[in-house]
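Here come two complexes built around subunit A, the first alongside subunit B, the second alongside subunit C.
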Partner chain A sequence: MGKRVAIVGFGQTYQRSSRKDVNGVELINEAVNTALADAELTIRDIDAVVIGNMDHFEGINYVDMWSAEGAGAVMKPVIKVCTGGTTGTTVAMCAYYHVASGMFKRVLAIGWEKNSESDTTGAIITAFHPVWERPTLGGAVAGLAIEASKYMANYGATERDGARVAVRERLHALNNPFAHLHQEWMKGIPVDQLVDLLVGSEQNAMLAYPLRMSDMCPRTDGAAAVIFAAEGTAEKIAPVPAWVHATANSHNFVYAGDVNMDRNTTIAEASKKVFKKAGIKEPLKEIDVCELYLPYSYAGLKWIEDIGFCAYGEGPRLLWDGVTDMDGELPVNPSGGVMSSNAIGATALIRVGEAALQVMGRAGTRQVKGGDVNLALATGFGGCYWGDVMLLGKKKPS
Partner chain B sequence: MNEKKREDVELLSISSGETSQPFQWSVGKHGSYFLQQLRDNKKIVGIRCPKCKRVYVPPRPVCGQCYVAMDEMVPLSDEGTIYVCTIVQFGFVDPSTGVQRPVPYTWAFVKLDGADTCLTHFLDSVDPEKVKVGARVKAVFEERRTGNLMDIKHFAVL
Partner chain C sequence: MSKIAIVGVGQTTCTSSREDTFEEMVFEAATKALADAGAEVGDIDNVVTVSNDFWDGRTISSMAVQEAAGSWGKDVSTVEGDGTFGAFYGMMRILSGSFDTTLVVSHMKGSESIMNLITNAMFDPIYQRGLGIDATSAAALQARSYMAMSGATEEDFARVSVKNHGNARNNPYAQLPLKVSVRDVLASRKIAEPLKLLDCSPIGDGAAAIVLSNRKGLKRFKKDPVWIKGVAHCADAFNLGYRDLAKSRALKAAAKKAYKAAGIQKPLSDLDVAELYDAYSYMELMWYEGLGFAPEGKGYELIRSGATGMKGELPVNPSGGVLSSHPVLVAGMVRLVEATLQVRGEAGKRQVKGAKTALAHGINGPCGQAHCVFIVGA
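Here is the complex of A and B:
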């Protein structure tokens, strides 16, 4: 076992569709300064930096090199991590491992993306096999639509079920000043009616059946930074540190055609490992809040089943019963989630940072359970349905 | 934060222009054999794991599940079942060709009879009544074949 580690600071930029006033390094610098101010530290207090984003999305590689000044990494140990959509959570895991090893006391984790600088789908396709998959790949939206097609065929889920997830995410985003999408028109309209509007409106373009515009995440410019600190140091920095109780990841296939579309096996496996390490037996009862990387609506039905919050096929019931709403038993994505902001390399790290804020009781207008949060779960998603999971808690892990 | 207000500055961005970076991808022995079978005989082959007995398509040398070497090529049917599919209506530029595919088109994962994994390909139909999980399909080959996945033109819904 490694040393105990906690999150002691979090900073993020306002997530926006385009930030032409800053380049990538300047955007990173905003998040780093915000995180340092949040923890009341200076860059001199940081022992090492882990940074990541999507390779080549901005047409620039070696972000560890060219971002050093903005990242505060000059003459410090810096490591770049890129695992696709999971990059942000993998960056967090890597920073955690640095501190847990006992070799570093305070480590800065950074994730960022300027999706406005290239075509996101075109860039994503370059992650897939050039000989076997790229010639026919349907793109990022279609890659998720196929999973939805399987879930609907297996469990009889409907377009209204999918829209119910979209409504939750967009309503929650209204509480989050940092979120990219603020759909003010939704305010005050009953959930049922919003669902009907989303599935019935011709303005809500079908992108790849069954996914409409409202079922997808946006393309966002944004950055985030999270500071991890070792036991003994963490308590001095933060009044309520968010302790890392367990973390795990699972990556499976190279070929998309190998993926089991019946279940999200990687998020299931990583969740199982985390719950075993942390001694969680009844996730729905024991976990207080989640920040899940749900890039599209139907993931909010199916993946909560794979994590273990309910039985297969019961996801829609949890949604319609309001279990995952702000005031429900298990609020999911009080931040508005990925469907409300998706600066891809920052996205999974924002899940970790937002989960930490909930544990610290510092989530402001998006705080759940009056700040009485003992355990918060964050996840990442990417590539061939890859899964990262991190569990944070108010008490020191045993 | 610490930035000076430069409210009046004109915000510039620089275009990369029409860039092109050609690549030359090695297919390997197993993949080359698969493509040659497509090109020369209009046959689709897979490869069987000696341990778990899964049949993978396209063939590759290692079973990731068992981490053992595979060598037994097996012929597969040119017919199969739609495992998952979607009708794509959202256009984007294909970075391999620099061209935007016309929409709509149907993208499907086809589980060929005799295989445990799917080939990802196009279907000949964009009819939501025909394009469904579980529907049967059959490979349609190009007349002129070059040793490429696109030697299969598409799969026809039966």
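Here is the complex of A and C:
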């Protein structure tokens, strides 16, 4: 049996479309210093560092080595992990395993991306098979458009249902000073009317049916750092540590043609593993808040079904009933989520950090349930249809 | 430590250009490691793959190999760095209590890569890349710096090349088994002063895999366990100018921790064999010092005296080392595979008689910025 592990500090940069004032290493350093200050630690207290991003976005190879000075990794063990969109949660899980193994007491997890220096879609296309996939189904938007179409066909969901998710994410982002997209114009307009505007406006360009600009995540510059600590140490650092109750990854297919687009099977499998470990039987009732890696709107309908918050096809009902809004039974993405800020290598780590803030009761203007959060769920999605799930809680896991 | 064991190892032959795809190479290495362990893919609880997007020319490079690594339905992760770092993570995942067994697999197709461009891309994009610096020209700076500090000569570097290429003749997996003399090495084509062709490793194709298990998982496997007695890694600063290139303090720090865990006090005599990451000939001498085989600046004495030859006190790189085959990222894992084979007494013609405790070493970054040291034993 490994050690119990908790999150004791979180730092993120302001997520912006272009941070011209800093280079990559400086951006990383900003997040690291913020996290250290948050935990009232110095870099000397850190035993090991885990870092992740996507190499081809900034065109920098061996990022763990290149960033050593900014990451605070000089004369420390540092490992780079990279799994595409899941990179941030992969980093978090790697840091968790560092501490749970008993080999390290305080581990710094870093995710970052400077998309303003990248041709993001150009780089993503090279993730796919050079002969079979790149000419036909490369990049991020195309595959997601197929998934959305299929969901609409299977369950009768509409473009308005997709837009309802986008509206929630963008409204929540208005509470988060760190979020990239602050769509102030949305303030004070009823949700119904916002949805109508998104699906009816010609200015909201169609990218690939049914996905419009408003259905997708932005490309963001940003970095995040989360500090994990072992039982015995964690309690001394944070007044309310966010304990890791369970974490799991699931992977199945590599080729897009093999993937069953009907359901998100990896996020479903990973959730099942986590709920089994943590003894969660009714996720909707037992979990208090979620920070989900939803890179586009329809994921906010379908994937919450795969996690097990409701039956297949019921996602839209949850959304329209307001269950996932700030004051709902299960607030989803109080931070504004991926659709409001997407510094890709940092994105999934921000989900973990934001979930930790909710548990610690320190999420400020985006805090839900008056700080009374016992369990918070964070997910990552990406790579080859990989699903990462981490469940955090206020009570020490048994 | 002796909590985690290596129960299966597999490696492909290394060549300058294999026709296999990434998937086929990974499948071969993973299948060999499982067969070696007497296990099937169902005996594996989780998988760690090792790859690098630049070397593979593919974003999310781990995507290309997951099916071949037997990851379907499993918990997986990917380390970008040398295979030894992947093995380290695979071990921690077991120690956490979440898994009993891990498969770690690493692959490289140097034949589809342009080393100069790919390693140029690890340097600062504004101030350094334009100078054309790459892994080899940076290594040349380090070699010069080391010569000035230690008094080691180009002949000493050549002796390493002669020894390792000669050892490779006993290794059926090696890419460049050669019978060469010091004079041949010195006369080989200049690559970057003071490094000649035979001072530099051949970037090639290959894959390697290991199966790790805790005590509870051992009953799934038929092979006698080789235990990880101690392991540690450490990184130095990135900027070459911030480091004393002639001395490897990161290796010293990693070795100290690994030795402490393994109870090694006098490495030269306590260890029976060592497999080091000699990407360039001079590196082996520097690593002797970092690992405490020789005092600082005196590494060359070991190669001059033959202490690290096959019949010496501590044979280093009986496999021929990285100088004889260099699939980047894989090479460190091959060191671990070779160390395991030595401890088992299964290293064939390259076997060091009676080897019980072996050291495997991997590096990451320019001029050996980061080092990972494994001590394994029966």
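Here is the rule we use: the second predicted complex is superposed on the first by the 396 of 398 C-alpha atoms of A that agree within 3 Å, B and C clash if a C-alpha of one lies under 4 Å from a C-alpha of the other, contacts with A are read in each partner's own complex, and residues count from 1 in each chain.
One rule holds in what follows: a residue touches a chain if its C-beta (ideal position, glycine included) is under 8 Å from a C-beta of that chain, and two chains touch if they have at least 3 such contacts.
All figures in this text were calculated on a predicted structure; none of them were measured in a lab.
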Partner chain in contact with A:Asn33 - subunit B first, subunit C second, else both or neither: first
Per-residue contact with subunit A, leading partner among subunit C and subunit B: C
A:Val254 touches, of subunit B and subunit C: first, second, both or neither? both
Subunit B versus subunit C as contact partner of A:Ala123, first or second or both or neither: both
Partner chain in contact with A:Met75 - subunit B first, subunit C second, else both or neither: second
Touched partner set for A:Val141, first subunit B, second subunit C, both or neither: first
Footprint overlap on subunit A, comparing subunit B with subunit C: 59, 123, 125-126, 130, 252-254
Subunit B residues touching subunit A - in the complex, by the definition given at the top: 1-2, 11, 13, 16, 23, 25, 27, 31, 56-58, 60, 64, 83-90, 92-96, 105, 107-109, 117-122, 128, 132-134, 148-150
Touch list for subunit C against partner subunit A, complex: 52-54, 57-60, 62-64, 66-67, 71-81, 85, 88-89, 91-98, 118-119, 121-125, 232-239, 242, 249-250, 253-254, 364-366, 369-370
Contact set on subunit A toward subunit C in their complex: 1-3, 54-56, 59-69, 73-84, 90, 93-94, 96-98, 100-103, 123-130, 248-254, 269, 273, 382-384, 386
Complex contacts: residues of subunit A adjacent to subunit B: 20-21, 30, 33-34, 59, 119, 121-123, 125-126, 130-139, 141-142, 145-150, 153, 205-209, 211, 252-258, 261
